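This is the structure I have questions about; it appears just below.
We just call them A, B and C in the order they show up, numbering each chain from 1.
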Amino acid sequence: MSLDPATVRRIAHLARIHIGEDEIPRLQTELNGILGWVEQLAEIDVTDIPPLTGAAQMALRTREDVVSDGGIVEKILANAPERADDYFVVPKVVE
Amino acid sequence: MILTDLTLAQAREGLRAKKFSARALTEAHLAAIEKLNPRLNAFITVTPELALAQADAADRAYAEGEAGALTGLPLAIKDLFCTEGVRTTAASRILGNFIPPYESTVTAKLKDAGAVFLGKTNLDEFAMGSSNMTSAFGAVENPWKRRGDDTPLVPGGSSGGSAAVVAARLALGATGTDTGGSIRQPASFCGITGIKPTYGRCSRYGIIAFASSLDQAGPMARTVEDCAILLGAMAGFDPKDSTSAERAVPDFAAACRRGVKGLRIGVPKEYAVPGMPDEIAALWQRGRDWLRAAGAELVEISLPHTRYALATYYIVAPAECSSNLARYDGVRFGRREDGADLIEMYERTRAAGFGDEVKRRIMIGTYVLSAGYYDAYYLRAQKVRSLILGDFTNAFAGCDAILTPTAPSAAFAQGEKMDDPITMYLNDVFTVPASLAGLPAISLPAGCDRAGLPLGLQVIGKPFDEETVFAVAAEIEAAAGFSASPTLRAGSGA
Amino acid sequence: MSGYTLAGKTGPWELVIGLEVHAQVISRAKLFSGAATVFGAAPNSQVSFVDAAFPGMLPVINRECVAQAVRTGLGLNAAINLESRFDRKNYFYADLPAGYQISQYQHPIVGRGVIEIELADGTTREIGITRLHLEQDAGKSLHDQHPTKTYIDLNRAGVALMEIVSEPDLRSPEEAGAYLRKLRTILRYLGTCDGNMDEGSMRADVNVSVRKAGEDFRTRCEVKNVNSVRFVMQAIEAEARRQIAVWEEGGVVEQETRLFEPARGITRSMRSKEDAHDYRYFPDPDLLPLVLERDWVEVLRAGLPELPDAKKRRFMHDYGLPAYDAGVLVAEQASADYYEALARGRDGKFAANWVIGDLFAALNRTGRSIETSPVSPAALGELLDLITDGTINGRIAKDVFEEMVESGEAPGAIVARKNLRQVTDSGAIEQAVAGVLAANADKVAEYKSGKEKLFGFFVGQVMKAMAGKGNPALVNEVLRRALS
């Protein structure tokens, strides 16, 4: 399973990480190396084996429907890189 | 008495017996930090005023007879735990000057127990690494040196800063996190003790998430008993964490005194990997001999899927991290790079904010989860994970704990193993299986190699049976009599 | 089968429609956090650190949201999956703080169900429900506050949504409208969603494709986030026409996501938020499988209110109402409750006419809802009793009703005060009739020579002379005698 430059670009875009054209060869090599290495799992027979999701295997605990949080606008916005009154501000999406 | 040479248990005794004040104890550690941290770079943030205020409060508590389990004991906190009002970075540029408006559950519990926080320790960025070389705040130097050689060595990772701090006696103990070995491997490289408890034993609330199904907080200290004391304060059910186990916290410190008579210790044959350094193989043998002499029975066991554990880990952990790190986008906190539109802002912020290893893992994770590849990679890896857990479950039918080496080498030099990511990943070969299975596992120093560098042994236990793990580890510790100490440490005059 | 088609150049085309409805769950707190869910709060005032996806934050599920989803599943006659799972749906957008939405992908909490819809011509159809799952709502992006920047309010981020997916069983805009209205009614009855499309607590994504009769399904497109029943129906027609034109010009409809523009009556392609909708679903490792006890589900089932279909059947049976009347009355639980309070001990059809006719008209006119009706069931009942016992006639009753709406005064008091009692005294009636006939001799002659329609005129005149209070039956009788 080999990644070509177009795939590397696509993954980077899905992950919203800008990569320069000059970075692509190195990334291609590194990622292909790692993927080639993890491919070894393909040799195992996993027929009828259920996937493990979380080692704790308990059932989900639920909580009561009470308002116990919120009302902390200043704390929520305290670390905002940009704000306007009580809103977060970001550049517009170009539609 | 050199206050920084005390164990945590001894320091607590001293405070209770009023041999010295909490303030004196904290001041001694702050002085050591001031002297050594510029070289070691083990702390990202030091909080002297906060520490002294807490120390003074501790002295008042002792005076009023209201001291708790950890009152006045100076600890270091891995900079992956959100600490309210204190900058938290995850050793990444992307968090900028993030100051959490909330406290993690584990550090809140330590605070409630009266501990003093000296500062936030360095780590591999977002806990991804085995050398602490990926930190945006620079590498950490291992306080240990090869005999007659000044080459800076790595402390291991990702909890490299915490390990170095404890080894250099800059704190009595530290918190770490362990996802694939990030407490145990640096503990081994730095000649200290560290335990990753059972998944669900400690709350993950407020710990910056790397791989949610694997991350666990744990203590790092210079003795098994110290770790047991710390874990007792850190552990416990937390309703804010849906993966937190509803289990009472046993008396871990008492378990250290149980002995190992009648216990069956499993030795997995698959861990005898080809190319294992002879010193490590010899240490593993000595470990078996000590336990046998103490009354334990040694049993050869098989964990057939061991050799697939690393590959499994390097599919599951990147997949989860690619999703967990999506929130670092410059919108609500942390650093932001400008962009002409939202997408450009995201892409530039994340490119500038994340280091190379983090980017690699995010991209691997994104790929293995993407359309068409989920079944072949992630789903398959989670199935292999079931098989790995199955191996342990089967083995534990015939033994009570498992003994292995912690790491395939002693600490290596800074800059080594950086050419190929996989070479770095191989550091985790002995620690990753217990992580995938969610089992408690401890590393403690059991000997040194020819160059005088510490080597660790690992004990793996049944789910929620940290007590047996502590019992076996305490026995090894007593038998090993490990007394070496690093070149760079407080009070050494170095 | 409605047999609805749209005419293209090459002949008639059938429509295939499926609806995905996002319904905000009624609960005090959000799905995975303890922040409040109240609509219209000050920006970012109902946001917890979990909702804002701060580092280290973790989800804990709200039991009541789970219960609401189960209640809804039961109300849709659907299978409840005792074991379900939460998955992360990964994509980047400023109003999605974590960069993923916690949803349910492969193992939803509710499976297949069915609801019955009624069409204008009285026919009914069964529409399949494919599934219902729980998921988080996103925050709100305000694009109009600044020319180059978007403002983000996370109050809505993390509110529980039920995504209800229909089978592609709908075949016309009318059916889609009927489905939406029926679904909304069921949700309101259950108290699991208020169905308020203009506040955004219920939104629809519409999947539309077209085909020639007898064909399999062709490619469909999705029209996202349509927020009124009327727009859904318009969007379906607009999109279907667009697709027909594409096919007929020899082109191929591409699967894509579109938006409806009500002002222009067309759909347009959404410049996609991301080039490929690769959501990289995987089970959320912060959550464990959701396991429900069968007993718990049965307790919820036992606690459900009587649902509209059952209530409608009961109204038809117990009150002798035709299907149409019963259907109108049960469309809102409040109307049904009002009606039952009124109809108790009275003639069912009579009561229904007054509610559906006079009451609803008055509520419309005064901009009130049945919950805020100025006339209570008890007061209206008093009025109906005055008619039934002959105290007033139907015509006068309508005037009294208008005054009750206006002033809130009791009907008996109005009748007494304005002296509106019906006149049944034959002498008075005969006198009025004689007077009217005398004043209209020419029309009497016309009537007697065959112009029978003038009878109505005479009735009107007599009533006018009697200030409307004449007993209509007696007036008729006396007039007939006088004119014979």
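Just so it is clear, a residue touches a chain if its C-beta (ideal position, glycine included) is under 8 Å from a C-beta of that chain, and two chains touch if they have at least 3 such contacts.
Values in this document were obtained by computation on a predicted structure and should not be read as measured data.
Colleague: Between A-B and B-C, flag the pair that has more C-beta pairs in contact.
Modeller: Between the chain pairs A-B and B-C, A-B carries more contacts.
Colleague: Which chain has its C-alpha centre farthest away from the C-alpha centre of chain B?
Modeller: Here the answer is chain C, farthest from chain B.
Colleague: In whole angstrom, what separates the CA-based centres of chain A and chain C?
Modeller: Centre-to-centre distance between chain A and chain C: 40 Å.
Colleague: Could you state the distance in Å from the CA-based centre of chain A to that of chain B?
Modeller: 24
Colleague: Would you kindly tell me how far, in whole Å, the mean C-alpha position of chain C lies from that of chain B?
Modeller: Result: the chain centres lie 58 Å from each other.
Colleague: Specify, in ascending order, the residues of chain A that touch 2 or more different other chains.
Modeller: Touching at least two other chains: 13-14, 16, 53-54, 56, 58, 60-61, 63, 72, 75-76, 88, 90-94.
Colleague: In chain C, which residues are in touch with two or more of the other chains?
Modeller: Expected reply: 49, 52, 60-61, 92, 94, 150, 152, 276, 278, 280, 285, 287-288.
Colleague: Residues of chain B that contact two or more other chains, please.
Modeller: 98, 101-102, 212-213, 239, 242-243, 322, 326, 329, 331-333, 342-343, 346, 366, 370
Colleague: Can you tell me which positions in chain B touch chain A when the two form their complex?
Modeller: 96, 98-99, 101-102, 199-200, 212-213, 239, 242-243, 245-246, 305, 308, 311-312, 314-315, 322, 326, 329-336, 338-348, 350-351, 354, 359-360, 362-364, 366-367, 370, 376-377, 379-387, 389, 420-422, 436-439, 463
Colleague: For chain A, which residues count as touching chain C in their complex?
Modeller: 10, 13-14, 16, 53-54, 56-73, 75-77, 84-95
Colleague: Quick one: in the complex, what on chain A touches chain B?
Modeller: Chain A reaches chain B through residues 1, 3, 7-8, 11-19, 27, 30-31, 33-35, 37-42, 44, 46, 49-56, 58, 60-61, 63, 72, 75-76, 78-82, 88, 90-94.
Colleague: Which stretch or stretches of chain C touch chain A in the complex?
Modeller: Counting only chain C, the residues touching chain A are 27-29, 33-36, 42-52, 60-66, 85, 92-94, 142-143, 145-146, 148-154, 271, 273-276, 278, 280, 283, 285, 287-291.
Colleague: Okay, in this complex, where on chain B does chain C touch?
Modeller: Touch list, chain B to chain C: 81-82, 88, 90, 95, 98, 100-102, 104, 204-209, 211-213, 239-243, 319-320, 322-323, 326-327, 329, 331-333, 342-343, 346, 366, 369-371, 374, 378.
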